[in-house]
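Per-chain numbering from 1; labels A, B, C and D assigned in written order.
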Amino acid sequence: MSHSLDAYLILAGILFSIGTFGFLARRNAISMLMSIELMLNAVNLTIIAFGAFIPTLKVQGSVIALIVLAVAAAEATVGLSIVIAIYRNRKTPLVDEYDTMRD
Amino acid sequence: MSWADLATIAPLAAAILVAGLVIVTDIVLPGRRVPALIVSFVGLAVVAGLVIAVGAHPATAFAGAYRVDDLTTYLDLLFVAVIALTLMFAPDYLAARDLPLPEFAAVLIFALSGVLLISASGDLLILFLGLELMVLPGYLLAGFAKRDALSTEGAIKYFLLGSFSSAIFLFGLAFVWGLTGTTRIDGVATALRAIVAGSTPLTPGLAMGLAFLTTGVAFKIAAVPFHYWTPDAYQGSPTPVTGYLSVVPKVGAFALILRLFVGALGPLSADWDIIIVLLAAATMTLGNLVALTQDSVKRMLAYSSIAHTGYMLIGLAAWSSPNSRIEGLEGLLYYGAAYAAMNLGAFAVIAALQRRTGISSQLESFAGLGRREPFLAILMTLFLLSLTGIPPTAGFFAKAYIILAAVQAGGPAGILAVIAVLNAAAAAFYYLRVVVYMFMREPRGEPAPIFLGRLMRLGLIVAAVLTMVLGLVPGLLLPIVGNAARALTL
Amino acid sequence: MNIADLPLISLITFVPLVGAVVIAFLPRNQPGAIRVTALVFALVSFGLSLLLLVGFNPTNPNFQYQEVHDWIPVFGIQYKVGIDGLSALLVVLTTTLSWISILASFRPIKERLKEYMISFLILEVGLIGVFVALDLFLFYIFWEVVLVPMYLVIGIWGGSNRIYATIKFVLYTLVGSLLMLVAILATAFSFQGATGSWVGAFDFVTLRGFAATSGFAGNLQVFAFLAFFLAFAIKVPMFPFHTWLPDAHVEAPTAGSVMLAAILLKLGAYGFIRFALPIFPAAARTFGPLIIVLSLIAIIYGAIVALVQPDWKKLIAYSSVTHMGFVTLGIFIFQEQGLQGAILQMINHGLITGGLFLLVGVMYERTHDRTIAKFGGLASRAPVYSAAFGFFVFASVGLPGLSGFVGEFLVLLGSFAYNPWVAAIATSCMILAAGYLLYMFQRIFTGELSDFLRGLGNHLTDISPIEMLTVVPLAALIVVFGLFPGLLLHMVQGTVTTVLTELNGVSAIRVFFWQ
Amino acid sequence: MAIPDALPFINLRWDDLLFIILSVVLVGSGLLVVTLRDIIRCGLAMMVCFAALAGLYALVGAPLVAAAQVLVYIGAISVLVLFAIMLTQTKAAPARLVFQTQALPAAIAAAVLGLLIALTVGATNWNAVAAPIRTGTAILARVLFDQFVLPFEIVSVLLLAAVIGGIFLAKREEDGPA
């Protein structure tokens, strides 16, 4: 089982779906952010799995995964700083309460 | 990395350096606006010069990961111009709200480096990184008025949906990479060509990867039904940022589409063109219908920018027909430039109106503008006429070109041409409503006169002149656009 | 320097634009200067347009005074202008009515005079441009340029319900014209596909030649003709696309109504004769009978609705629907007298309805009301005005000796040759039209002075010399053309012959079960 | 005494066993992240999830990525998230309002998506080898600084931009109505 690419990919797919669900269903901005992190991790798992099981992609996989990791870190930084800024204004982390603009 | 590589990425490196320099300037001379502006504008001029210098000799660097061709040069110059215009429109607005200019300029120029990267990428990974480098500063800019609840609110929505779509895009990218074994755009194209030729079958995995990529991109350009973050993000952002957001990330995403769909997935165009046709039709129609019901001009322009995305998608749909490959791309690229000038101009007028805080962008606040501020009102009329597509403005010629390409393509794209003009007629209603308020309604009370900074005035005039020139003498830009389009199709 | 060396057409077209720019730099607080500047530039353009007539050679079947410059060479789009007899007459009609309208606006327009004069001069640019453009792309641009100033004129200086009227006007016109844009592009592309080159793809003369020799494909003709038809039919306006017209007329300021009735309505008819028939002759033959039916409906409908209008201006607006119905009828019977009559009717309707709207405006200035029921016995208080109005009413009714008669008579003659029933229906409506116009005249001018008018006291003065100056030239032309219709017929004979020659060799396209 | 290759009795290889355990932990903690009511616990579950992923990376032969995963995701991002949670979750934050009203459709959509991915994966021939290949650290470094030097540099720019902007947005202003 651990020698099967399919198993890893399906696992990544499940994680991606969990993240998607969290993003669509949660109301809290930080929860949504965490869901996105899960999705990005699913991507990384996919990449690593390809790297491990397809000889031509071997080293590339690890490198791309590292890059994705760094991008995720940058995104988290930006997202959390926005969350903090908005919390100063609105005192609530619930996204669907940010509806001042809808008439 | 070699010296040749370094020389090729000089514009990109320069843009990053300029962003850093602006920060340094702010550290050395804290809180000063003029030095930061000077550094920014000089820096942008240098970047533009380097773009032209490097663009004179199409080349690739980093083993094909980075490629400079005529398309790169055209898009880069367009982006530099848009960033410069945004920097002209922003200072008045920011000063009135006590927001720092140097940070704004630095983040804006970081975003510029992102789009420079997109337009020059020969590699899917670079493409993705460019995309991130473009949108991350965008999130920050959207929330730049950090004491304003609307601004941060727009920013968080923009951020969450943007990151969500990035994850989807990346997931698709992983599958395409895993199945084609490469992230180079040429490599992917070669692999796909083999599939089309029938020597290898199209696997379900690859199809899924492509589906994820398309979905991610559709979010990025705010195509219907992936558009729903746009209005909130646009309305909440500081107005000069809204102008920026409605142009750079959108045209940048189209640059990505050109590199991705035309460059890499081109061989499969017969499979995805109907999707593009449907996306285009839905996007322009829904964008226009919702814009019809808006009372806030800023929000109305946000929805109308969705509609313009639809018009630009027609160019892509036309490309996928062999009759009109060049024309479709030319139309798309021309539309990008025209759209940039007129849309930035329209948002700049709103920004000028909001120079004093507390002014909303409701239609009411435009009442009697023709009498109070003839300069702004006439420019706004010009921009709105151009957005409507009335000759002899840039918007007209761009639309005519897109329609010509669609007519030439025939088939489903030909039907798009008719849908597009009916949409344009419907759009006239809401654009002209603003004109009605400006010239045909009297203001309530006695609004104070608006003071326009010199940069703001200059920027507005530049945008207006561009809007007129691109409509009157399209022959100036057409050869450039043609070269850019051919660079991609070769 | 010879007159023939001057780019005369461009001068006529763009002199008003120069005037608009000059006015833009005049100070707002000098209304006198603004008025005079506008009038002077309009008069210069008018004078130059008279020169056109002097040098025009009616026996030369080609376009004259041509100017050709490359504009967007990639697609063979040119700045190409030139005139034939039809264009020449319409250009002169435009320049004439432009200065008259500007003169007529001197008193009524007090608000935002500067913007008004600029709009009016730009309107003139667009209108002249439409009549002289020989490149389809250029034609489209002028066609749209007309829209914006007219929109502003109605929307800013119009009556109480002006915004509704102006938006309706724009939306109707835009839907048609944008589809026409698609058709123009499709035609050009089809030409490019057939010849392998973009050169001449937008050039009218080349396209006409192509249509006469190889001809465009049937389905393109059908589509493009329908798109052109929609654009032109909305402008004419033909039934059932006419509903914007009464609103726009009623709300527009006097000079706006004059330009609308006298010139803008001609754009559609001009488009049919100039572009739709020569380029898509087979499709024109296909849809001809349908358009004749629509024309007859317009004639009857306009007359009946006009009969019951309580509003003076609206009544004249609906009478335009009837008169323009004669024009489209004359065009689409594809027959020499019909086409001649249609063209004459275009010119005459411009002169007569222009005059009527001017005179309605004169009285509105004094009474601020247009309800026919409130008027009565006006002849006793304003005899000169009444005489003038009577003159135009009789011209409109088609009194022999005045120009209105000739056009309608020729159309009837042509339609009799086409089908006696058609002629019979049209004739009966002419009588109806005479009825409602005279009935209106009787209600307003004869009898006892009404209470409403009496209440106005000394405000109700007779027509002033300046106002008289605006209608006298029109009246003079009506008489001249009524007595010597040959002047006009001679001018347009070349156009008529060319158009009909091309139509004759062609038979209709089969569209589904049609034909 | 040598450890047998496979688990006695059920004949399950050790690495398969490890895979199963890690997968269960991964999916379980992932589900907890998106369903738990208390957001602090969500954050903690996310750390567990990241740790399981690091284990999987090590198992499949990418030890460096596993190390980076621990450093960046657990050491930096999770801590940042927890920090933000602490900062924003005041007593007023209603922990009961966890889900949107359309949580059920979202769940169905996500389940369909997962199923679709699984089916697609099963139906595709990936040209994979039978056993994972290990990636050496030395070759990785060479590739990173040679073939991938441009992406590497860009990522650092990206982080720089994010940090500059992040600091601006998140810093409290002395004079402003914070």
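The criterion applied here is as follows: a contact is a pair of C-beta atoms (placed from the backbone, for glycine too) under 8 Å apart; a residue touches a chain by one contact, two chains touch by 3 or more.
Predicted model, so just to flag it, every value in this text is computed and none were measured.
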Central chain of the complex, centres being mean CA coordinates: B
Approximate Å spacing (C-alpha centroids) for the pair subunit C, subunit D: 72
Computed distance of Cα centres, subunit B from subunit A, in Å: 26
Distance from the mean Cα position of subunit C to that of subunit A, given in whole angstrom: 65
Subunit B and subunit D, separation of their C-alpha mean positions in angstrom: 32
Shared interface positions of subunit C, touching two or more other chains: none
Overlap residues in subunit B, where contacts from two or more other chains coincide: 125, 129, 132, 136, 140, 143, 146-147, 178
Overlap residues in subunit A, where contacts from two or more other chains coincide: 16, 19, 33, 50, 54, 60, 67, 71, 74-75, 78, 81-83, 85, 88
Contacting chain pairs - touch in the sense defined above: A-B, A-D, B-C, B-D
Contacting residues of subunit D [partner subunit B, same complex]: 116-117, 119-121, 123-126, 147, 149-151, 154-155, 157-158, 160-162, 164-166, 168-169, 173, 176-178
Complex contacts: residues of subunit A adjacent to subunit D: 1-11, 13-22, 24-28, 30-31, 33-35, 37-38, 41, 44-45, 48-55, 58-63, 65-67, 69-78, 80-85, 87-88, 91-94, 96
Parts of subunit C lying in touch with subunit B, wherever the complex brings them together: 71-75, 112, 115, 137, 140-141, 144-145, 147-148, 151-152, 155-156, 162-163, 166-167, 170-171, 174-175, 178-179, 181-182, 185-186, 188-189
Complex contacts: residues of subunit B adjacent to subunit D: 1, 9, 16, 19-20, 23, 61-63, 65-66, 98, 100, 103, 106-107, 110, 113, 117, 125-126, 129-130, 132-133, 136-137, 140, 143-144, 146-147, 178-179, 203-208
Interface residues, subunit B side, partner subunit A - complex: 125, 128-129, 132, 136, 139-140, 143, 146-150, 152-157, 159-160, 163-164, 166-168, 170-171, 174-175, 177-178, 181, 183, 231-232, 235-236, 295, 299
